[in-house]
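Multiple structures are listed underneath, in structure tokens.
Look at the two complexes coming up: chain A is in both, with chain B in one and chain C in the other.
On to the complex of A and B.
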């Protein structure tokens, strides 16, 4: 473990902004919330944030991106992958877990060069959670702390940050901080250990389930139409819970022609299974026409389908869906608790 | 042969045609695809020989209806351009009020000269409409997309989901969370200064959750709220949305006022379904 004085860390970040060819992004205040955004000075970096509006997945799978440029007249297509190499500062452990899951998804079956190349060219600097969002249940999901999946991991230990190095990418980034970085002292290492041990107390205490129970609970509830209808009654089908989720990766692909109709771009944009048209296919058939069916699908995917395919529970407990759902019906803890109570 | 395009205006401000005129250099590109034969804001030529008709404005008099029926007969494809033609729009605010009172309020002593219908209607209340371009005013990119799709014989793709989708993608702070608002605090009554005036009103509140997207949430991006100008989504969950507005402290009457700004006609239609 390494450590750096906070003032030296700020200088290090300012130097990266100034000198490094990569774009430096970090968590910053946005009105009453926080968001990952390009960083122009280290003072704007808020490593004490609770959670961000969108997860950092937007850097590997942008909301809108061009896949191919084509020229209809010439019959030419050109693959395009607009990669911006980035240093991403301040990723919480649950988001790192989510990124690890996404890596598996985008590597599996058909490697997705658009995602993977952006991943390869980015450096993830994590930070342990000093403040915890009211809705987060990461400790229940086992994602409040993490031993790998980052290039560097910071922990606030007072006047200094302790730094765990997770990869050679991370250690070469840290070399740019030069002599300001030294080995962490044993009491600093002890502080980090203690910090992680004390962390669960900061989380909400209402979850009554264990993550490993979710696949079987969900299986049991699959056919309970009444349960899904009741819980989805107030769903606005606005897709917020999908869009803000760090493990939702569905996208739509469309061709956008230039007004000349001679050239255009094939784009992909974020999509979400809560949106009405998501499961609509040719012939106007919609496999999940009712909001209850869509609502169920989201939970099945988080707690069962991804588990069956990759062995991961695809909910990392960040609490974003719950926090941002206006009718307040997207809290996974509420749903999982109800199931647990109903079966015990 | 290029499709011949005509624009017609009814009860409206012509702001949507202005959006088309303001395409500027893109308008020249567009003219490579279509031939414009009727467009009062731009050309003086007039013709009854056209393939695609764009209708702007609500339909509010017998004379409007006759004109519109004539256009429908002449055109192969009829497109409602902008909220007044597509959903009734602002004009339908008056639909829930006493028509006599409205006429007197606006025209005073001349009120009896007015032969308007009791309700302002969208184009499809009178004739069949093939395509809709929503917005007050319309979005230029969407207009170009629709024209381009029609020229190619493709179905234009207009979002069926609410504005929240685009707003989230733009990572806006939710309007309901602004000024330290917290959706988890029930009946949180908040008051905000209306920008540029001394007026203080409750809020902010947002109609984004039930309004059709396609505007890239531009009003919220710029710091204001969604007023619902693109009309309701096909299957809005208005009950859930009312509960949300109620939670933030809006009374039933205030909620209906918000909905009435653009949703007047659609609300009535939904009631009759």
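On to the complex of A and C.
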């Protein structure tokens, strides 16, 4: 483990902003919330945030991106991959777990060059959670702390940051900080250990389920139409829970013409299974017409389908969905607790 | 200094791009019905496929849609897709002419398991444009008739002018073919002398060995639902093959649209046995 004085760390970040070819992004205050945004000075970096509006997935799978440019008149198509290499500062462990899950998706059946190239050209600097949002249940999901999945991982230990190195990408970034970085002292290493051990106390105490029960609980509840109808009654089908979820990656591919109508771009855009048209096919068929069916599908994806395919529970407990749901019906803890209660 | 465009291209060179299409020229168009046409495509690079696998066909400016070729996989320099006008991409395709170019990528998915059908009777049940992938299968079955048992086709459409592949239906119905054909239409017209009613009406006195045979079904969801129900009286669940339809954007198990229970239709299907999917509630909704 390494360590660096906080003032030296700020200088290091300022130097990166100034000198490194890569774009430096980090968590900053945005009105009353926090967001990942390009960083112009280290003073704006808020490593003490609770959670961000959007997860950092937007850097690897942007809301919209061009896959192919085409010219209809000339009959030409040209693949393009717009990659901005980035240094991403302040990623919480649960978001790193989510990125690790998404990595599997985008290299499973075909290697997706759009996602993977952005991942390869980015450096992930994580930070252990100093503050925890009211809705987060990452400690229940086992994602509040991690041992891998980052290039560097910071922990606030007072006047200094302890730094765990997770990859060669991370260690070469750290070399740029030069002599300001030294080996962590034994008591600093102990502090990090203590920090992680004390972390669960900062989380909400109401989850009554174990994440590994979720696949079987969800299987049992699949046919319980009443349960899904009741819980989704106020759903607006707005898809916010999909958009803010760090493990939601479903996408649509569509052609967008420019104003000449002779050229355009085949674009990948975020899509969401809570949106009404998600499962629509030609001829007015919709395989999930009812909002209860869509609401159930989202939970099945999170707790069963992804688990069956990749071995991961695709809910990392960040709490963004429940925080941002307008009718306040998206708290997974509430759903999982109800299931647990109903079966015990 | 490399330009941005060079850098972008370099990024893609290092990896195969799964979204790239091969240009394919439309070499002939056959009007099958008032809403259905068959397009023969000649791709720049031949695309080999197995019967029942599907391709993503793109019209630049409008996007992509998935189709299962209706032609024989034994024909390798061209392939045919039979398309009903139902949305934006298919609407534009119907306005295209011979000599126009589309894009294709694939093939994707798991098609019809011919090896499972060897030596057995095969009952094929189609509805409307659902005969398209089945035609490809029928080509394969009849190419080596000695490898298979009896081949029966039951096909229904809305009305006589909505029956597709009329020339082939004439051949298949002539008695000289290996295929034992029976047709029905929901509503006849003044010239129609054949069966009137839904295709499930043709499933009562089956001439195939249902104990040892297999059944293959493709058509609109409602037709598939009732056909499957009828077939279960005769066939084992694991001997009924269903072609499932879903919204698809990528074709290879990523985009999330076509999830069906634990399966992705694009990757694990589009052909499933009834046994694989029977426990999925709301299968046809």
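Everything that follows uses one rule, which is that the second predicted complex is superposed on the first by the 344 of 344 C-alpha atoms of A that agree within 3 Å, B and C clash if a C-alpha of one lies under 4 Å from a C-alpha of the other, contacts with A are read in each partner's own complex, and residues count from 1 in each chain.
Everything below uses one rule, namely that a residue touches a chain if its C-beta (ideal position, glycine included) is under 8 Å from a C-beta of that chain, and two chains touch if they have at least 3 such contacts.
All of these numbers come straight from a predicted model, not from anything done at the bench.
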On chain A, do chain B and chain C fit together or clash when superposed?
fit
For A:275 in the superposed arrangement: first (chain B), second (chain C), both or neither?
first
Is A:63 touching the first partner chain B, the second partner chain C, both, or neither of them?
first
Examine A:254 and indicate which partner it touches, taking first as chain B and second as chain C; both and neither are also allowed.
both
Taking C-alpha centres, what angle do chain B and chain C open up at chain A, rounded to the nearest 10 degrees?
70
Partner chain(s) touched by A:293 [first = chain B, second = chain C, both, neither]:
second
Which partner does A:244 contact after superposing on A: first (chain B), second (chain C), both, neither?
first
Taking the superposition on A as described, I'd like to know which of chain B and chain C A:19 touches: first, second, both or neither.
neither
Which partner reaches more residues of chain A (counting touched residues only), chain B or chain C
C
Have a look at where A:159 lands relative to chain B and chain C in the superposition and call it first, second, both or neither.
neither
Quick check on the superposed model: minimum Cα to Cα separation from chain B to chain C, whole Å please.
5
Both chain B and chain C touch chain A at residues 254, 257, 261
Okay, in this complex, where on chain B does chain A touch?
26, 29-30, 32-33, 144, 148, 151-152, 157, 160-162, 164-165, 168-174, 176-181, 183-184, 208-210, 233-235, 237, 239-241, 243-244
Mind listing the chain A positions that touch chain C in their complex?
67-68, 70-72, 75, 77-83, 105-106, 108-113, 116-117, 222-223, 249-255, 257, 261, 264, 266, 271, 273, 278-283, 285, 287, 289, 293, 297, 301, 304-305, 308-309
Using the touch definition from the top, list the residues of chain C that touch chain A in their complex.
4-5, 7-9, 11-12, 14-21, 23, 58-65, 84, 86-87, 90, 101, 103, 220-221, 245-247, 249-250, 252-257, 259, 261-262, 267, 281-282, 285
Quick one: which bits of chain A touch chain B in the complex? Just the residue numbers, please.
30-33, 35, 53-54, 58, 63-64, 134, 233-240, 243-244, 254, 257, 259-261, 269-270, 272, 275-277, 291, 324, 326-328
